[in-house]
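Both complexes below contain chain A, partnered by chain B and then by chain C.
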Partner chain A sequence: MTVQQKNAQLITHGGHADVCLLLEGTWPYVRGGVSSWINQIILGLPDVTFSILFIGGQREAYTKRHYEIPTNVVHIEEVFVEDAWHFAPRTEQEASEGSVRDLQNMYRYFHHPQKPDEITGEAVLGSLASGQLTMQDVLRSRASWEAITEGYLNHCSDPSFINYFWTMRTMQSPMVMIAEAAARMPRARLLHAISTGYAGLAGCILKRRWQCKFILSEHGIYTKERKIDLAQASWIAENADEALNSSLDPTSGYIRSMWIRFFERIGLMVYRNANPIIALYDGNRQRQIIDGAAPDRTRVIPNGIDLPRWNPLRESRPQGIAPVVGLIGRVVPIKDVKTFIRAMRTIVTQMPDTEGWIIGPEDEDAEYASECHSLVSSMGLENNVRFLGFQKADEILPRLGVMVLTSISEAQPLVILEAWCAGTPVVSSDVGSCRELIEGGTAEDRDLGQAGEVVAIADPQATANAVLRLLGDPERWQAAQAAGVARANRYYGEALMLERYRKLYSSSMGTL
Partner chain B sequence: MAGIGFELRKILARDSYSSTLRAYVYAGLLSAGPWVLSIISVMLIGIMSIGVVFPELLVRQFLVTTTYLFATSLITTGGLQVFFTRFVSDRLFEKKPHVILPNLLGIMLIATVGAGLLAFVLLWWLFDQPFLYRLLVLTNFVTLCNLWLVIIFLSGMKQYNRILLTMLFGYSLMVVSSFLLRPWGLNGLLFALLLGHATLLFVFLFDILREYRAEKLIAFDFLDRKQVFLSLLLTGVCYNMGIWADKFIFWFNPMTSEQIIGPLRASMLYDLPIFLAYLSIIPGMAVFLVRIETDFAEWYERLFDAVREGQTLQHIAQLKSEMTIAIRQGLQEICKVQGITVVLLFLFAPKLLTWLGISHFYLPLLYIDLIGVSFQMLLMALLNVFFYLDKRAIVLELSALFVLLNIALTLLSQYLGPSFYGYGFTVSLAVCVLLGMTRLNKTLDDLEYDTFMLSR
Partner chain C sequence: MINKLLFSGALIFESLSWAMIFREPTLLEGMLYVVLPHAVACVLLAIAVWMFLPTRYKAPLPWAPLFLFSIAFFIPLLGIVGVIFSVFPALYLQRKRYAQVWQNIGVPGLPFRPLERRHSPMFQDGGLQDVLYLATDPERRLNALLATRRMPSHESVPILKLALRDPADDVRLLAYSMLDQKESGINHRIERLLERLGQDDGAEPEATHAGLARWYWELAYLGLAQGSVLDHVLGQARKHAEQSLALESNPEVHLLAGRIALEQGDLSAARSFFKQAQNGGIRYEKIAPFLAEAAFAAGQYDEVPHLLSKLPEHALSRPPFAALARYWL
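For the complex of A and B:
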């Protein structure tokens, strides 16, 4: 274990930070909206020191950092949940009396079909935070075996015991592993988790240990995203032990519902512990309340972008409306690139000179990417649709006539704000805060006008029509551009967002 | 090994009295096989030679030399046998049958060189007998060491008729040639012994060479620690030392033994009853092999298939209880068959001894030895089940306990006097069997927990 621990602490000033950020599968390893938001916060508050607890799945999936570590980050601890059961030696273990109760509580809280009470949750947190519940207890003890088999006999409707058993292991051992990693963290004055899930769980554990405030900022809704992942089998395969991939079929009912329940219960635990609970827009705030967040703890802080940096981009725009439709995002199913390609078919039929650019890395889901390439050729769009790979947004955005977002799930996409600053109207699917962004939220906001158009999810025809309306009607296009610029500048500036978080941090820490 | 179980199931499937009998005879010969047949043949040679080879001491010298050859070769290779058996079955499980033959030749090379050196040093250092005698002892020893390694494969081979014929041929050759070589006295008899065993060794080896494909001549993969379990070496040595410990104690206690040839001593009093008793375990062995390799092995396979294929926990538990029943029935049948054999021998022992011309003075010792070897039979059955369930630690524990108890209790029995002779051996085995039963009980109780929670 020592080698692993050494590798995990890449910056070990052991410094006591102001804010401990709890991150799951994001900054500094993965590019994307959440990561750049985190980067913004850290760079934007240079007088605040941060420590990082990074939680990943497979160690191999996180080898290259895409962000430089700012100097106000004083400690990084990394934990990879796939390593979870490689550590426990194979000896029989008589668990102590306490552990028997702990393991039963663990089952009752995370896996029992009935919604658990708060007392059980607190008991589970207590045993995780105190280190009383060890990896040995979970992986090897008789008490654990009994808790698992009892659950199977009483509730499991999936016949395969080995599937059930390994699903339980895959769920339980990372929790202990995260508790162990949390125990290695140097103390900070405030906890800030950027999602529920494992990061949020780490927050709950550390809150117990440090007795400090715990802030939760959710960009998407973690539990909902996990449900989407679970619907697309590949995620379980990544997290399950290689050899068992074939047997852990996430589409089979009970195993899948166990996973969903597991993430819901973690979410519930995090909502009960965190205060405030921040959403990017009101739609998500409502969702958090439905999922168990107390309404008086919730609030909305939208994303902001660096206006002084983005506004000048408009000057580099070529004259007129470029006949270029761009989709900026990773080529993955959640971005629904295929709908974009199908929409391009209609657009190109109407306006043959139009080009469609797909701008984003294709390495995350190679299979999906190759399906997209095939779709382009089968629709005869080879001359109009181009895959550009990753490009710098500030270079590419001014060259687009319209930016399209076909995602089936988003929170509050920064790229929309960036597009506006660059003077590009946006056609987006009706997900996350996109309608609020494009059409305006408050009455005052709506008066600024439509900065593009909102269409239904996975509707290539509607998407194409909206794009054509903008490209084919310069007046309409100009109005949308003006609305976008105005809205971004009034409501979505980075300075505003940073100021809100600075206030939140200082009030939660006492002084800063 | 799977081969025998498969063959036995095929024979039993014919479902007639003659086929059932055939299965048991085959199983009995295979399992008790070579070394019980060796005892019988050697005794036959001894009996035939009485009155022909003079002086009679020469016959005793032959019998004692042979006994030492068996004892030392079994102890020397006992570890290798268990160790290599596991190596072979692991490779077969991995579907790599082509590595087996080169490794058999590798381990035989090591056994030959090792046993040869050991025998050379001991014979040169401890014996002042004629060169020819020493040479024959050495060659016999090396041959036996190799034979014990080769017979590991018998239960895995398919042409059982051929195996039985080979055995018949080898032992007949031994007995017949001893008859012809009698005029050359001790050396003649030792040469006959060598001829018989060497024939068995080379014919079996020939069969194995034919059965297994190989890509190279010789290999030493079994020296790779990742592919073997070193603790099995210790297990095998302990178990075989346990079997012989009481005998050696009786041979080297001046009160109970006499010098026979060179440094070799024997105990008239102790040896004869125990070797007679060993002949009584053939029926038990046959029953045991049939039960273990058919019923038990079948449920065992089904159980672990059920685990892997994702059956319900309830179904797994049910298969486990079926397997438990198979083990219980197996042990019960051993007890029944062995019990009847022992009772019959108790009844007829006096007549038998009279018929064999052996003094009734040996009767009490024969009785207790009969019980002792029956326990030994049960212990072997238990150890086999533990090997199946991969409980190597328990096998080692039982084997080590056996050798320690047998030494301690045999010494105690000598201290207590002649009426306690034989109790050391029997009581130590009884204790091991009882402990083995409790261990088996717990192992079966914890089987699912072990399989799932401790496997990886």
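For the complex of A and C:
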């Protein structure tokens, strides 16, 4: 059976599930930390059945599934945000009056400069969940035109109505499309979203439809990542006046702030609807509270690793410290592979026989990958730095002397735990919970010692020095290895994580 | 009731005074029968009008009634008419007042600049670094970063580099993505030029080499490269500048090559490039600062004032040379 046929079969399966997982741009199409976590959960809880609502950006970007679909996944529904922007041509019969109240509420909740109240949010969810608000209402009704133009006259400080108008359509139509996709989902007993954003919004809509519990597990903080993207995004039309403005005005144009506001409001809606709201570490939990999550709903469940499977890997390590520095991750800008390559320049100058391995698929951002290749050759590192492509972590990790993580944003990288179990100390940039992982969170945890080193982001010199300190000092290296093994075994077992989720699922569904 | 009496009294006395004025009285009679009744009428009227004033205009005493009296007394007839027809409507029919006469405006964030200041190019940007060091609210530090978007790159890069070590994740991420955008932009141009160079039929290879030298130099000049990477970038810039010069002599490229060599610490090469740039027609005052820098780097301090003095007066009186001129000249 081809993958295509298998997909089609799964999509039409339509079985009722215990848990409906709401995913945006991740498993089963993308490899990475979040995806392997989802895989872990599905495989680790074989007696729970799952249905999946997958939300992607462009349909073309998600053609190949990288994970086998386990047997306890009974339904997959896919929806692509970009499809909502291919508006069908207008026909005479389709003209719609639209509900003035619904469309005004939609504006008030997602686009009004003032923070909306909960009642408006509930009203919007109600009209989306009931199917009362249709694509025609949003795109082609007089009420929609009036709500949008009123907003333009009252709040928009960007003179271009065209930019404003199309931005509104671009934001509003996917919400309706997702509501329509949600209506096609077979009923499940529990909702579980892996991020806020569109997936979280789908969770809110389905919660309203099914009147069930809604759990949110956030790895990174979606709203924050979106904000950083949007602050720099060049696809947002900039008012010509802004470009000429030479003052140090930090505001960034109304259209841009409208986009940021849109995702903030979705985040707020999700935080108001989900319970519990789970973060991987306390830093992110604090962040969720700042963004509007009620503190008593938040909790922390850290990542876990399959200890019985990973611990034996240490046996296969070669004797001594291998002069190999590895970076495990997709070759994408967020992993900052270039800093790794630059650090290798300094490392190789000091210890000429050291090798640098870049281990991870290069197909996600081919342009960035080719930039990395040309950086390697222009730094004269062709003989020392190798691109190995995707490799099985359990085979490659025991062969590394030090694992380096240069990411500019992470939550709680699973790969650090895997490296420890394989007996490899880690040098990581100071992002997410990496410092907590490597140096220890609580006093008791800190007593286990440092399982590597933490350096500033985008600092090749510091990264290189940290690697050289570990590679050049066997005593230090041994101590870091021991600390890593002890820490992973004490605090980050997969069994512990799965047990927490199992309890959470069963208490949220009544019984299992 | 009392008002009616006061008004009618005033009217009677005033009429009396006007009646007497037409009888051509003597000075004494005039004082007695014209001025005195007018004065009495004015007193009565002033009291009457004063009583009609809105409460807050009644005080201070005696100035409010005295004012009314003096208008009525010193401008006979017209004064009274004026008081009644202008002051009263104005006092009673005031512009509508709003209950809230003030507007609450929060303290603006630190890198705040009113938009009107866009006409003045003279403000200091160094303050943004202080915001990054001192502001406790990450939102302000983010704003400080966003404010650098309007600054020249070589000024904003040090600020962004500083922000890479910020405790808040958001600030670091934004700084990184802004730096990365700058760097990627330059790298993209370099790649395109290299591609053009790779094509056999590439026209004007000397211009392509010069362009490459310029963009590699830009990476170093903006501070986007450090350590062994900086050496590499400067090496590339020098290589392409020399290749361009080998194909065609160009004074601007000689100047660029001189600056690159200066940065590499190759002083004799730098001097020779500067010499050629000058021979090619570049104005001496443009080259003098670099020659002075080379002299300083070589430890030939006695040459520095000599070279700096070649700069025109107006350049020496302004930054960046003003401080140098003060010290060396």
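What to note about this one:
By definition in this document, the second predicted complex is superposed on the first by the 464 of 512 C-alpha atoms of A that agree within 3 Å, B and C clash if a C-alpha of one lies under 4 Å from a C-alpha of the other, contacts with A are read in each partner's own complex, and residues count from 1 in each chain.
We adopt the following convention: a contact is a pair of C-beta atoms (placed from the backbone, for glycine too) under 8 Å apart; a residue touches a chain by one contact, two chains touch by 3 or more.
For clarity, every value in this text was computed on a predicted model and none was experimentally measured.
When both complexes are overlaid on chain A, the residue A:Phe161 reaches chain B alone and has no touch with chain C. In the superposed model, A:Ser374 lies in contact with chain C only, and not with chain B.
Legend: residue contacts after superposition of the two complexes on their common chain; A:Lys227 is shown touching chain C, with no touch to chain B. By the touch criterion stated above, A:Thr63 is placed in contact with neither chain B nor chain C. Of the two partner chains placed by superposition, A:Gln114 touches none, neither chain B nor chain C. Once chain A of one complex is fitted onto chain A of the other, the partner contacts of A:Thr442 are absent, as it touches neither chain B nor chain C. Once chain A of one complex is fitted onto chain A of the other, the partner contacts of A:Gln319 are absent, as it touches neither chain B nor chain C.
Between chain B and chain C, C touches the greater number of residues of chain A. Once chain A of one complex is fitted onto chain A of the other, the partner contacts of A:Thr71 are absent, as it touches neither chain B nor chain C.
On chain A, the patch touched by chain B and the patch touched by chain C overlap at residues 247. Across the complex, chain C meets chain A through its residues 109, 111, 113, 115, 117-118, 121, 123, 125, 128, 142-144, 146-148, 150-151, 164-165, 169-170, 172-174, 176-181, 184, 187, 191, 226-229, 232, 236.
For chain A in complex with chain B, the touching residues are 85, 90-92, 139-142, 144-145, 149, 152-153, 159-163, 165, 247. Partner chain C is touched in their complex by these residues of chain A: 224-225, 227-229, 231-232, 245-252, 283, 333, 336, 342, 345-346, 349, 371, 374, 378-380, 408-409, 431-432, 456-461.
Taken together, the chain B residues at the contact with chain A in this complex read 307-308, 310-314, 316, 448-449, 452-456.
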